[in-house]
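Below is one structure, written out as structure tokens; the observations come after it.
For reference, chains read A, B, C, D, E and F in written order, and residue numbers begin at 1 within each chain.
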């Protein structure tokens, strides 16, 4: 069984019921909502031995995050921080309804994860995994978090572990200039990049169609694999092999979302899990799309599914793309 | 006022809220959900004097089934079984969201209805009704249930009561071979068959378009009326009259379902209620479609409506099919 | 900051959860739901200093209406009536699902507002506002309410305040003949008329396309501005200026409603707020459509939004109509 | 099986969740809550064949009342009134918490039951029952309701049916002077009186200890049986037999209430059901206390219980009173 | 009508339903929960013209605080801060059940109120009020908040406004040494001190019985009025008048709490409102106890009540203390 | 860290909200509720490395049980059974309110655990633990379950593992005669017995006061430790040492239960966890009482707490018993 280690912040998501607005809400639902733990949960259900690594406050809210993730069968490896000093990161999420947009307010300043130091991570565990994964939102939290993420990718990369990142940038989380600087620092240790087309354009300040984007980003930053997701318009994956580049495209299965949170983490988890299996990029892309699709049909950010459901939709995705 | 008697199991449906998955649910809603009682409730609201006949455990769950049905104005005639010996049949239902499918897990082994003997039924009541109805899911429960259903249809048929069945087969409920055997035994006493096109093909192992299906099934099993429902593609009804067969077709009113459970029972109830009125097959088909359509717009398996609402939609169905 | 005063009844809306039917509901949600207070809340969030004037029973239900409206930043000016004599008006609302229609049952007989006398209104406040607004449902309540509404419009009109009405007629609320009589009496003091095309046809017993309707109604009743809303087909506004009439049309932004209640009040509020700004009829029409669209995306009759959200959608409406 | 017929209004109770106040409530639970139907439901579960007779609007709210009562196995015999003319009676109920008191706001003016005429009642059914029962709150609704109640008791009494009333007076429902007049008119046809000690003192303007009250009321108004309930202090029953009066007393089983609504109806139902059995006043008093006690442990006004539970608590009551 | 101005932070309280633990909660209820706004809401319902002054982030959460308070009829005067810089203060609250204790986790670092500067306050409004009030938890937030609170009390005191503080200290909110320093700085401008006996002992590091405490604190810090609350053991008020000190004592009305949050703010609001009326310390003490008692019977921190309810309980308190 | 392995069935508990009755419930909450997993969860939070061993159907319901337990940090070792053959055991639980009793209906026939064979258990894991624990309800399920439980205790006992059982018998679960037979078979391999005084009397058909019971049971069945719990009257523990028996007694901390389910499992978990620490029987008894007490204050059968909370209450228990 391949092994995946992911590192990142999992904020506690607070969201009003249904389509209610935050401003008039009387209650909020709670969910663990982090790209890296979402990806790990999805990979776990696809048969990958997945561990989520993080730093959390030793408080009921911090323990709640771990409890929810472990209920999905995920293993966790946590550095517990003094809860009188460090906060649990929060994100307030309001579900939109067209033309009203979904909105997120990040309340993550001073969170425990933002203060993580390289010494807080179980580097031996990371160096013996098959894949190490993080999202850009984690190094975006603070200078400390950026250094720690870099140390983690460097350690993994140096040990022959496949390194991957998801550009899970969200408006209001960090200054775009800082984000670009951080990403450029990380590229040295990265092999796989997963990114929504709009986010990659924003962060790297580029234009171009998805195929061009994938090609130019892979070339400039010497990445082995670049995956561009396009929301309703499918996804593109490029493998940079000596001599020639291979490109795969997939359509999206059309579906109105029950809850659109967490789908990008599910994409990365599905993609990496299948990639870890036998390195088949085409199949991996289908599993990324399938996992993201299924994640949209389930309330909450985390994907709950049987493996056979992902298999079936991945097959449909492959059929539809022929 | 015409009289309808229906016999069958009404399991208690347990379903998580909204689109939640069973595996992560913290609570479940409860509903009485049986084809035969659903049909009776619909027929009752259309002015037919309807009675539901069954065997239930004398427990809070069994009594809850009766309470919910009686709140819809239905009369019930129950044989109460010792609740330390016999269970209340259960069905766990998870509402899907495309491309994720709705799922049902039947937990009906050892249910009180599965042990019903012919002597448990009020045969005099059945023999003085105008129509006697059951669903195939009931005789599918057990050999006992199959014998009891046969005895009920035989008694009704022998007394000149119109006999009808709905092929409400669901995956996981019973072995298809057993289902076919049971159905073949019942045909001797049956006049009206209502079936979804896919289910009739599965159970009787046939192919063909709906009109062909209706014709060949009516001919081979000597049925007077065969109704084939086609989900979003409408419904077809065939009346086998000496010399010639009359066929009617109806379009479905397009509507996304609030809750798709119970619609087939509502179809049978609407169809039989109108048929009992004056035997007009064309009108009956419209009422079947209208009742099923309306049932899809109401949460829970049972149809709650005013008669005028069914009338209005049946008119629309007739208009749309001209 | 321009000032708006609205007068009318705000019944307490009681509605079952989701798509449940009243007949089987075990609980109901509560919302303040009156055209005049809805319009005032919308105008308030668009920067108009808005006051809602009414008569309510001095009971928990009456105070609850005021509490909900004041939580939206609205000012209120209430005549409190003896709660042992006068009721809080109620309306039971059932949300439909096509082809099942939404339904409303008015339970407003003997309500405090229905007994309002001219002396109950703060006429000085009304006479110093920029716009005075009411809905036809209020004078439709009773002869007293009709007299009081007329007195309010007369006082406003006589003091140079712009007077406006929304034909918010609903089936079951009042006799159509009485409605027409009441409306005809009010026309003398009215400048702006907002009406759904079907309602204006019903109440004034007219036919014709929206542009013709607007022209003929404006001409016959000497109105300065007539706005015809057309549900999914947009809206039309006519300004009757000496020599020539100006007509503007807008498309609707397509959206399935989360809750379709309250959208007409939001339309009037958005329209009047923008009109009060600089008298630009074209912009006002866009803001009416934008506010109504946004109101449909929010649960409950009252619009909760940031001003920037209305601005953005109004821009889209203008773009789409070019 | 003895037969009980009860006549009266069953308002729809609307109550905020838990200990919330009406003034700040966002939702309300719905329950059928009438003394006469409560009594009939309790008598039904104790083996008495019970029918509730009333006049209701033919609206979803009116039908909801019947649906809830029939789900408890009660038979109903309803005169359906035009729902555009007549209202469903409502009562808003707020659950207190000491020292804050529970409160009820009656919104029953113009209700269908308040307009019931003698001709609306199924007199033949009433005249063939064993017991006919009503509460004072029903004739208190209006002059019409008072006349109809009198006609009902007269018809029953004249046919040898035992007639009974519960003084279920509540503040704010009617003028005390009117209540006394109504009650005095009814005494002519009454045999059994059930009353809380404070209410009987208020309505008949009397003082005295329970035993004295029972004696003097029985003597003055020529009643056969007088039962005085004393909330936490138990109950007293007097049987006026020629030559001597028999008096029984019972302690109450101490219990904090889950929901204190409906307990008086349950008392009357339990008392009359046991009385109908064999006329044993002492046993009847125990069953009244037991049913009221149990009703306090169940949410909602209606008692849901197995007969064996009432039997067990009635035994405890008898033991405790020895 | 006397005027009260209160200044302080109102954090948003997030609390799991019922007795659930934070660690396993799936949702949380939201409530505005600040001593100063609680006090103002209570004073408002007792007829004092009350305004709450604060600094909040211009975000949905900040606006939600104001909306909830204004729904209670409170006037607010807010300095709106940039929501990308400043947070809404939060407090997580878990309701205990003996012997498990209620717990609060403050998440208020970096809140908008903590950064309030003297220039953010409407000093003219404060200087023209009758009473100015704050809680110790507000200056405890930060050095800025402490300076601003001092400036507010100095301005009020200098203008002849009665100044009052509630020692609403809670474990985990601030360092006790810092609290004492802050309080000592404020004493110069304070006239009225309200404090729970345990908190005053902790903050001022004193021992002694309530009467002694009140005497010694009043003497040492030159306070005009000192009120010591003692939870279930009642309350003591001392008035330091030239020549002699007057002391009043009150018993508490025993009641299990529905929600014990907010009662201390209600006490201060009730006490100050009555004091503002005619300066009768004895009556004021009764109203403080009554308001706190009533606040315990209502869910949520804010007191919803009719004035007559407070009057009635205050009377009971007076009776019980004679 | 000591290791605990527990084996047993964890049925899914379905319970109506609050004090509602099953018969009228519209929804039910779901909870994992088994003595052995409850004990393991409690021991885990007290620092014991705990594993729960069982056989479950590979269905959403079976996986839900594991998910809930793993969210409490428990390790699980499950034999997954074919879900078309084997059911998930269910228990319906209705919370009483005095004098109405709480009730449980077991629906566990044909459950996966009831078919467990010795080969389904991870015997090596059991043989290397420090303590092996089960409840009597598990072997009571079936002859298969009894054999498997015996095999498990024999294997543990033979390897020097401390073996323990809780007599968690409940009415309606099994025939008392069968229970006694099963228990007698198990005694050969048992060292520690935990039992409620009434249950031990029923199962072993004995009388006597707790101390006598403990003595006679320990002597007759050669048990090393016997713990008798007495609900509100505390608990007694006896250690059978050569020459003399040591007996400890503890008072219970009085508390009304939020949810009384699961407290016995928490007792066993607390008792065994502390016993595993250093064998101090007196301390172990205090921890059993403390864990049970705390479990009663938390909704649901599983104890959620911080270790420090159990420590604090255990201290109180020790103080109270001196």
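Note that a residue touches a chain if its C-beta (ideal position, glycine included) is under 8 Å from a C-beta of that chain, and two chains touch if they have at least 3 such contacts.
Treat the numbers as computed from the prediction; the structure is a model and nothing was measured.
Listing every chain that touches chain C and chain E alike gives A, D.
Separation of chain B from chain C in touch steps, taking the shortest path, is 1. Of the two chain pairs examined here, E-F and B-F, the one linked by more C-beta pairs in contact is B-F.
Inter-chain centre distance (chain D to chain F, centres taken as mean C-alpha positions): 47 Å. Between the CA-based centres of chain B and chain E the separation comes to 63 Å, rounded to the whole angstrom. Each of residues 21, 23-24, 26, 67, 71 in chain B touches at least two other chains. If you sketch which chains touch which, the pattern fits none of the simple shapes: not an open path, not a single ring, not a star, and not all-to-all.
You'll find the chains touch as A-B, A-C, A-E, A-F, B-C, B-D, B-F, C-D, C-E, D-E, D-F, E-F. Listing the residues of chain E that touch chain F in their complex gives 18-21, 23-24, 96-100.
Every residue of chain C that touches chain E in the complex is listed here, in rising order: 67-68, 70-73. Per the touch definition, chain E reaches chain D in the complex via residues 71, 253, 255-256, 258, 293-294, 297-300, 304-305, 309, 313, 316.
Listed in rising order, the residues of chain E touching chain A in the complex are 14, 21-30, 59-61, 63-64, 67, 83-84, 87-88, 90, 92, 94, 105, 107, 109-110, 172.
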